[in-house]
């Protein structure tokens, strides 16, 4: 099981699912109508490190974070 | 009569002389051995405005200032 | 040093404390950038969410990047509500010479705007509204929607 | 606003006073640059001569130049002796947005270094020695020696 957290304005509770790569997470979230508006603008971190490949391997207990567009300052 | 003041490290007292243009001041200071080390590195102001021509006309009471290389901060 | 504060920043306290903390470090230049909430479009203020783990690693990476230049970075940011004319952000650089400090503060502030995991909301009539049109997608965003 | 102080600057007092003075002006960015005397080459400190009339007109010209950008400048500088680890110079810009502030502080500080009528001396063993090799001739220097 991995956990998926939705940061900032996405405002969804943490999700847990079975996934062996980030591609599995992508497939699941694409079926989620509520996520459609966010998916193309979010960066993704695994265990608090930003990642750049859908082939990123996931292990039991990993934390995936979705980071929508930012505006600090 | 105009007055000539030597700013910062030049460390000379104010000079007064007759001069109708800045060229007259230049001629006088070039004869002054003590000024030789400064003359090529000084900017010149007339009445506290920097000037760029030796043909600058001078009037009675004008103040000419010599500004050696600067280093504020 | 990275510090997060609930609500508006006490700018005099922070600028003074940072200055004092480096007073014996032989830095020749200290440049703080102070960001203050502007009164515009009728907002009452702004509100911020901060994701601290990634903000900390972003800040630590910047500190490591400027260390070979002899520079030190500090940053403070607000969490929660900050009203108009209050300050929510201070970034600062100390360095031996001015050129490094001037170049670093610009790059650090610009990358902060583009990358730091902080989300901004307008406060209007008691509501907290995500400032989406003023926000920037982080480099690499869209991975989950890509056909990669 | 341009202010000259005898001896070292009280940096916390100045940064705080300037911040407070513009707290209702709706500026989004405040960037002070603080210059501090470094302990190097065995100096005890630095000493400064300032020629105020031309410094004032230089500062006023800069203020007029940045006014159309909505920016405001402030500057403080020491006269006389400033010991190592004390500060002698603060330049600051306030502007509505960050880009103008970041670009202005850099250009203002660099032009200050090249043009402001201030002379620096090393303090060593009670002597005041003109720092000629670190000084810059003002643009247009050498007029009196030219064959123009």
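Labels A, B, C and D are assigned to the chains in the order they are written; within every chain, residues are numbered from 1.
Note that in this section a contact is a pair of C-beta atoms (placed from the backbone, for glycine too) under 8 Å apart; a residue touches a chain by one contact, two chains touch by 3 or more.
Everything numeric in this text was worked out from a predicted model, so none of it was measured.
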Tell me the fewest steps from chain B to chain C, where a step is a jump to a chain it touches.
2
Chain A-chain D separation of Cα centroids, rounded to whole Å:
49
Chain centre separation in whole Å, for chain D relative to chain C (CA means)
26
So the centre of each chain is just the mean of its C-alpha atoms; given that, what is the distance between chain A and chain B in Å?
71
Got the chain A residues that touch at least 2 other chains?
73
Expected list for chain C, residues touching two or more other chains, is 35, 98, 109, 113
If you connect every pair of chains that touch, what shape comes out? Choose line, ring, star, complete or other.
line
What chain pairs are in touch here?
A-C, B-D, C-D
Of chain C, residues touching chain A in the complex:
35, 48-51, 53-54, 57, 77, 88-89, 109, 112-121, 130-132, 134-146, 148
Over in the complex, which chain C residues touch chain D? Could you list them?
11-12, 15-16, 19-20, 23-24, 26-40, 85, 96, 98, 101-102, 105-106, 109-110, 113
Of all residues in chain A, which touch chain C in the complex?
7-9, 22, 25-26, 29-30, 39-45, 48-54, 65-73
